[in-house]
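Every chain is named by a letter (A, B, C and D) in the order it is written, and numbering of its residues begins at 1.
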Amino acid sequence: MDIKTFIIVAVIKIVLVVFIMLTGVAYTTLLERKLVARIQNRWGPTRVGPFGLLQPLADGVKFILKEDLVPDNVHKFLYILSPMLALAMSLIAFAIIPFGDSVTVRGMTIPLQITGWGGASGNSDINIGLLIILGATSIGVYGIALAGWSSNSKYSLLGSLRASAQMISYELALGLSLVGILLLSGSMSLREIVKQQSNTWMIGGFNTHLPHWYIFPQFIAFFIYLMAAYAETNRIPFDLPEAETELVAGYHTEYSSMKFAMFFMAEYLNMFTVGCLATLLFFGGWHGPALPFLPPLLQAILPLLYFAAKVLFFIFVYIWVRGTLPRFRYDQLMAFGWKFLLPLAIANIIVTSFIVAWRA
Amino acid sequence: MVPLSWYLVLSAILFCLGVFGFLLKRNIITIFMSIELMLNAVNLSFIAFANYWNAHAGQKLASGREIVGLSGHVFVFFVMVVAAAEAAVGLAIIIAVFRTRETLNVDRVNLLKL
Amino acid sequence: MVHQVLFIIFGLICVAGAVNLLVQRHPINSALSLVVVMASLALIYLLLGAEFVAAIQVIVYAGAIMVLFVFVIMLLNAGSEERSSGSRMALLIGVPGVLVLGCLIGWIMINNNKQLGGVSIAATDFGETHPIARLLFRDFLLPFEITSILILIAIMGAVVLGKREG
Amino acid sequence: MTDNLQLWVIPLLPLVGAAINGFFGRRFKNSMVSTIALLFTAASFGLAARAVMMAWPHESGPHMTLPHIETLGTWIQAGSFSAPFGFYLDQLSMIMVLVVTGVGFLIHIYAVGYMSHEGGFYRFFAYLNLFMFFMLTLVLANNYLLMFVGWEGVGLASYLLIGFYFQKNSAADAGKKAFIVNRIGDFAFLIGMFLLIQHFGTLNYEGLFKTIADGHYAPEAGWGFLTITALCLMFGATGKSAQVPLYVWLPDAMEGPTPVSALIHAATMVTAGIYMIARSHAIFNLAPHALEIVAIIGCITAIFAATMGMAQTDIKRVLAYSTVSQLGYMFLACGAAAYSAAIFHLMTHAFFKALLFLGAGSVIHALSGEQDMRRMGGLRKVIPRTFWVMTIATIAIAGIPPFAGFFSKDQILGEVFASKTAGPIMWVVGVITAGITSFYMFRLWFMTFFGERRPDAELGDHHLMPAPVAASSHGSDDSHGQDDHGHDSHGTSGVHESPWIMIGPLVVLAILSFIGGWVGVPAFMGGHNEIEHFLAPVMDSGSAAGGENVPIVKVLEFATPPEPRPHNEEWMLAGTSVGAALFGLFFAWLLYYKSPGLPDKITSKIHGLYLVVLHKYYMDEGYGFLFVKPLLALSTIVFWKGIDQSVIDGLVNGAGTASQGIGNELRRMQSGNIRSYAAWVAFGGAAVVAYMIWLGVR
């Protein structure tokens, strides 16, 4: 396809993805409230709509209608910039993530990925997608840091300091945990990695009917990744930046209405990003058992469903953990990151590289 | 098709701006940033030349040595490493200076001791 | 053509960011403008076809080093710098020197425009990971290891300096 | 039969010993130190013996081609010139290495006993081993340069050992004197080497002698290049082996401990000069004038030293002068182109002179440090073993058959008589010297061992020993100050025979100096001169290393008579020398045993002459007046006051003040403000770029 069509298609894809994601975020909040409520033996929101299904809508309306107040003595520019930055960065990540292989519309193969380039020669892809995602997340730190600093309040400052320190520290573990995968797959292109997880594990010619997911050889990496991901997204048990018991709400204490909503969305989008990444890297992306008995339309979108299911599973785990685990102390957090996760990741890399070298 | 000289001029401009920053700013941290800016400028020219030579890769130079493409990348990495190390140590030094001097103004830190 | 336009755009952004770094009085603004410079440099790298370096540029420079800067600025809660004339030399000698330097280099580049020729997004494997990795881990292995040593030493130095005395 | 003898190990072993003792000896016990020293010396002796065994020429042809050369690698490489670390084993160096290691080993053993009460035990043995190392390097080197290393090294070792009692001024001075005097000779040696390099481009024996041999140089009638070179080498030799005019250091060298005197200043080091001349005989053979001068010098030295020896009363000094005169003999032999005779005498002399010194040492030891013969006497009964070995040695040196000294001395005299470069006159002198030698040796013998004991004879009472000399600058008379072995005051009570560890080596040496000469029984006595034949391949071939033999007649036509001498003549010569020896013996017996009062009468008769002899012909004073004082004045006025203080100090101080001033100006730049630094850097960068552009444009 030529550049024009590509741009048009891309725009369409972007709109779709953003819409789906934001809706997803909205309903994830509902899901979270429901689930946490069930875990705590409550009902959760039930009033708005059946089973409170319209609750997110109401929330959104509330956010929009609420007065948008900007305190005095804040660094105005940054104060306004930072939530946008946070949201934008967490959205950018989705430009790389492939949600499925590709669909053919009017003889035009369109990869299910915003930056994907459906050519005659199969689906091409940014060959450093993983790095770009990491870069986006690392830029995302600015949003939080600047938010805390610009809003000129000690709670915010402390929160953002904690947040940025925590994110910088855990970025290392996160990145290192992915190196194992890179070693095994030998590529940074997410599509490539997923493609390699399509078939099943063969051990010495014997077909174990396990799917060829990288979770099995890299379960340590997965564990590290999970921990680091929680820290990256400032979720319980690593949600010290917004530890309401200590510093009111952390870096977004001074924010209200839509700006606060942006942070909120950014956080949940990050959860999605992390989930997608985990799905793509460890759980074979959109691959899953083919179900021939289904109707063809369902067959067509089956990969998307698999993908969604896997991501949702992660979201569920997130919420589950939040509902059950207490919060770390800050020094514990740092010690855990630097003294446990990092060495573990390095050891994992070393072992993996030895194995790879041995097999080569 | 962008002329190579554009990249080089851009890098020169950035470099000079960095030097200006070093000369004119008073704040140690900003001076540090100017240094980073200079490093980036150099990186740009490295990459540009790497690309340039990569186009001629495999050919022989006048001196008879074969042209290796994209080895400029490597130097970029080294520059980045140096920058990172410099940032780590330098910022630590800045913090130490701030502790003792209570200022970040280099004009006030002109004694060669802390 | 597209390339030239893109280059001009991002180049202008670069220069603007750099100038902004100079004129801003508050270090955090300078830091952010530097981040802008780096981001647009990364894009220029992409124009040059050096994808990997671009990504690394974003991750390392913008994502790590500059975050560190911002972090330190926040930590020391650095206010905007006060005007103080510590050195006449900087104005008397440095500024003209730099001007001369820039003019000379630019003059050379413009003069040799023809000989230098042009660059475009190079062969597909130019900026990719594999050739660079081959370069790094085969041809330049020793320097690479040495840089790792350098990093280690830097870390230790930072720790030592960062400790409060006693 | 391996081809590689690992010659380099032979010198290295003593060095290792020296290193161990020198660095760690301070902490060791004496027994430990001596064990190490002896062990390494014995090992190198064993190795040397093995090497000689393997390289020994047999009737069935030699095991390996001699000379046997082993090169470890290049030492100096300068343009076309190169000096290797090479070692060179032929018959000559075989003898030398055996003598050095063997005698050296015996003296080591002796020294263990002799020095047992001394301070700085480890130091002594470290030096001694060091000396062994350098001496072996000297002997085994395969080029003059490496030999020169050994040459200087032994000089150093002897300096260290002479000044072993460095608290004593006289000892320190003697050390310095030895060193400086040797420097003069070494300077000449160096010039000689430079000439060789300049002319032949190499210093390796084989290359050098081969070129000389193949070059078919005619013997130089006049004062040619080879003559000058030979003279330079000869002068170097005079320095090392104490010939006129550079002999003055040797008597003072007696300040050192007696084993040192025995090893360095009698047996080995002083013979280095002889070895060097014999080694470079190819050059000398072609320079008749040089040979004549060598002969003359040897002759003069022999007679002078002998006469001086007559008047000395210090036992060690007597021996020192006899050493000088014996070296003169060897020089004479070299001058007569009778190198093998010289080497033969070198060997025998090593035996009996070492024996004499060690015996004297044992006497001194017995008398708790008494060195003046006038305080000795009647020791025959008290220390019989020492007496007997001394007797053998005395007879040997006096040249009475069938002891070692006779054969070698007789051979020398015979050769001298017939040689064209020396001639009958020198033969006469040699015979006279032989007589004097036996005279003063037996004088020593009688004074020491016979007559009644006179431990408290007052000295310096009358003209026989004038006061100024009694407290002479060499201070050897009070050397028991440092040779004191911690016994009670010398005298009857203190006299004691030396322990067996000292006597043992003496006995061995005694046997050697008895039978040592039999390897050289000349033809007319029914023997066939083995040593000469043994050395013949080295000496007679025009080049020691050049394979093909240049006909002797051509090279040595002037040196050795074409036809063998008639036997009766030989008998006559031998008889004469023996007669002279007996004559000397008779006089000694007459003067110092029969009627001991006689010497005073005689000396009072010829008092002036006696004083001259006693003062060693005022040589030291003359040198002092001629060289030392002017040199001192020159260096004080010109070099010290003039150059050093004004010029050099001026430069240094000027530099200091200048840098201070400049620093004062430059200090302004270092404002401590990084921005101004950066400004300078930027300015410099701009300048550099501008310069490069200018280069490009131009």
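Here, contacts are C-beta pairs under 8 Å (C-beta built on N, C-alpha and C of every residue); 3 or more make two chains touch, one makes a residue touch a chain.
Treat the numbers as computed from the prediction; the structure is a model and nothing was measured.
*Asks:* What are the mutual neighbours of subunit A and subunit B in this structure?
*Replies:* Chains touching both subunit A and subunit B: C.
*Asks:* Could you name the chain whose CA centroid falls nearest to the centroid of all protein CA atoms?
*Replies:* B
*Asks:* Averaging only over C-alpha atoms, locate the centres of subunit C and subunit D and give their separation in whole Å.
*Replies:* 77
*Asks:* Please tell me the distance, in whole Å, between the geometric centres of subunit A and subunit D computed from their C-alpha atoms.
*Replies:* From the centre of subunit A to the centre of subunit D is 94 Å.
*Asks:* Please tell me the distance, in whole Å, between the geometric centres of subunit B and subunit D computed from their C-alpha atoms.
*Replies:* Once rounded, the distance between the two centres reads 72 Å.
*Asks:* Could you give the separation in Å between the centres of subunit B and subunit C, each centre being the mean of its C-alpha atoms?
*Replies:* One centre to the other, that is 6 Å.
*Asks:* Which positions in subunit D touch two or more other chains at once?
*Replies:* Subunit D, residues with two or more chain partners: 671, 673, 675, 678-679, 682.
*Asks:* Hunt down the residues of subunit B that sit against at least two other chains at once, touch-wise.
*Replies:* 19, 23-24, 106-107, 110
*Asks:* Determine which chains touch and list them pairwise.
*Replies:* A-C, B-C, B-D, C-D
*Asks:* Mind pulling up the subunit C residues that touch subunit B in the complex?
*Replies:* Where subunit C meets subunit B, its residues are 3-4, 7, 11, 14-15, 18-19, 21-22, 27, 30-31, 34, 37-38, 41, 44-45, 47-50, 52-53, 56-57, 60-61, 64-66, 68-69, 72-73, 75-76, 78, 81-87, 90-91, 94-95, 98-99, 101-102, 105-106, 109-110, 112-113, 116-120, 122-123, 126-127, 131-132, 135-136, 139-140, 143-144, 147, 150-151, 153-155, 157-162, 164.
*Asks:* Note which residues of subunit D are touching subunit C in the complex, please.
*Replies:* 671, 673, 675-676, 678-680, 682-687, 689-690, 693
*Asks:* Mind listing the subunit C positions that touch subunit D in their complex?
*Replies:* Residue positions touching the partner: 86-98, 100-101, 104-105, 108.
*Asks:* Which stretch or stretches of subunit C touch subunit A in the complex?
*Replies:* 28, 32, 35, 51-52, 55-56, 58-59, 62-64, 67-68, 70-71, 73-75, 128-129
*Asks:* Which residues, counting only subunit A, touch subunit C once they are in their complex?
*Replies:* Touching subunit C from subunit A are residues 75, 78, 126-128, 131-132, 134-135, 138-139, 141-142, 145-146, 148-149, 157, 160-161, 164-165, 168, 171, 188.
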